[in-house]
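Written out below as structure tokens is the structure these notes cover.
Each chain gets a letter, A, B, C and D, in the order it is written, and its residues are counted from 1.
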Amino acid sequence: MAFETTIEISFGDCDPAGIIFYPNYFRWFDAAFQAFLKTRELDQHSLRETLGTIGTGLIDVGASFRAPASFGDTMTLRITGIEWTDRTFRITYEGRIGERVIVEGFELRGVFVKDGDRLKAAPVAPLKDLVGDLAA
Amino acid sequence: MAFETTIEISFGDCDPAGIIFYPNYFRWFDAAFQAFLKTRELDQHSLRETLGTIGTGLIDVGASFRAPASFGDTMTLRITGIEWTDRTFRITYEGRIGERVIVEGFELRGVFVKDGDRLKAAPVAPLKDLVGDLAA
Amino acid sequence: MAFETTIEISFGDCDPAGIIFYPNYFRWFDAAFQAFLKTRELDQHSLRETLGTIGTGLIDVGASFRAPASFGDTMTLRITGIEWTDRTFRITYEGRIGERVIVEGFELRGVFVKDGDRLKAAPVAPLKDLVGDLAA
Amino acid sequence: MAFETTIEISFGDCDPAGIIFYPNYFRWFDAAFQAFLKTRELDQHSLRETLGTIGTGLIDVGASFRAPASFGDTMTLRITGIEWTDRTFRITYEGRIGERVIVEGFELRGVFVKDGDRLKAAPVAPLKDLVGDLAA
């Protein structure tokens, strides 16, 4: 079972065309990821302490909009996968209203640590160990 | 029983001080009001059709912040009352984390209709009839 | 001369009724206050260092909506006054499109410092000295 | 000369890590596109009238984050290109702080019209004619 959350699309989430103003999808992706971490009893505070990271920052993101949605709709947003490399992890999302897929997207994240004045991506293995299996 | 909703405070709802960026409270007030309408099978579309209104627009709003809240907190947001006058209605809100009140606020709304190029507030009695008792 | 900023109302700032989704006004109030601080070479980092505060947090806010506005409109947002008491300061705002006032609002803020696990409002005089006269 | 806008990164645009909460970049991309249309005296109202479209909706979007940015920074956001196909157009964006690129992104849009209950992407040539050359 993948992780999923439910989002009630509200009037204020929509634009003058009456459909979801698209940056909101990314707000919901991020919130789903943070809510997923919470199921592991992790958050940005605890990751700072245990991993010394300043955050699970974004490298690359994207979304494809399959069908419009509007206020009154209830979206089920699922994390459909997490792919780990040495220094990145890629979370994939799928949002449905009923059976209909309305959005697919991803976030490529790193575990960032300070390197002097800059940030650099640290190995993600310690986070992977903490998170465990998506299906768990 | 008053109407209530639950809001999971997410990382992205908070500012660099680590607490809720306050305009979000008004986003949640509005969403709670729209969700409350939905319990009456009303929304901005149906109100347009049945009442000829362009919307239940805002006249005056306010909020008092009693205590800070941060990501990971779960807020219970209640509509604690609706007061009706001839051409306005005032919705009051209270947000709690556990037993602690963190925010109290209100929205003064009208039922706006077109009057030439301008908008004017129409009598609210037809909406009051549709909404019925908050406690119902 | 009071401080003022210019805001181009964008499509995404508006709701399905085609007018500004009202929480955005508070986002702009806060941004105007931060921009005003910047004219004094102050920001939330420098205030933390010089005043030991965790931030100029909100106690109470409000807004009155005088007329609707939509995308394509250009709003001039002015700070019309700052009133100082011992432990609070109240910033008043006025937004106009052309000559027409569309919004008036205020933010009551404190200079918050940590007091064990809680926050408390410290005297605002040191901030008042740094900010100086609004008209300067 | 490409189209460009200036964005003052504000406190409320940033998250508890102190950097821009990433969905805001897409809000700014969309606002830049709408501001660009305004330079052609076009907006979502006029496009509805002249092209019969319900909007220049999104099909696919993405962004790559090259470096973090924080409040107090001033971002110059440029539209670096528009590529037209039969039924889509792809707008590319680049955001810089000083000389440093912090974000690159794109929006793939269509000109959507109603087709019964659904939406379909109409030919974009009429919009292309109205918009003309990006460099103009």
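What we mean here is this: contacts are C-beta pairs under 8 Å (C-beta built on N, C-alpha and C of every residue); 3 or more make two chains touch, one makes a residue touch a chain.
Only a predicted model underlies this, so the values are computations on that prediction, with no experimental measurement involved.
Per the definition at the top, count C-beta pairs in contact and tell me whether A-D or B-D has more.
By number of C-beta pairs in contact, A-D is the larger.
Farthest from subunit A in C-alpha centre terms, which chain would that be?
Chain C.
Need the CA-centroid distance for the pair subunit A / subunit B, whole Å please.
The mean C-alpha positions of subunit A and subunit B differ by 28 Å.
Hey, how far is the Cα centre of subunit A from the one of subunit D, in Å?
22
Mind checking the centre-to-centre distance between subunit B and subunit D? Centres are C-alpha means, answer in whole Å.
Computed from C-alpha means, the inter-chain centre distance equals 31 Å.
Return the residues of subunit A touching two or more other chains; collapse runs of consecutive numbers into ranges.
Each of 11-12, 16-17, 21, 23, 27, 30, 44, 71 in subunit A touches at least two other chains.
What residues of subunit B sit close enough to touch subunit C in their complex?
Touch list, subunit B to subunit C: 16-17, 19, 21-24, 26-27, 30, 44, 54-55, 57-65, 68, 119.
Touching residues of subunit C toward subunit A in the complex: what are they?
Subunit C residues touching subunit A: 11-12, 14-18, 21, 23, 70-71.
In the complex, go through subunit A and note every residue touching subunit B.
8, 10-12, 27, 30-31, 34-35, 38, 43-45, 71-72
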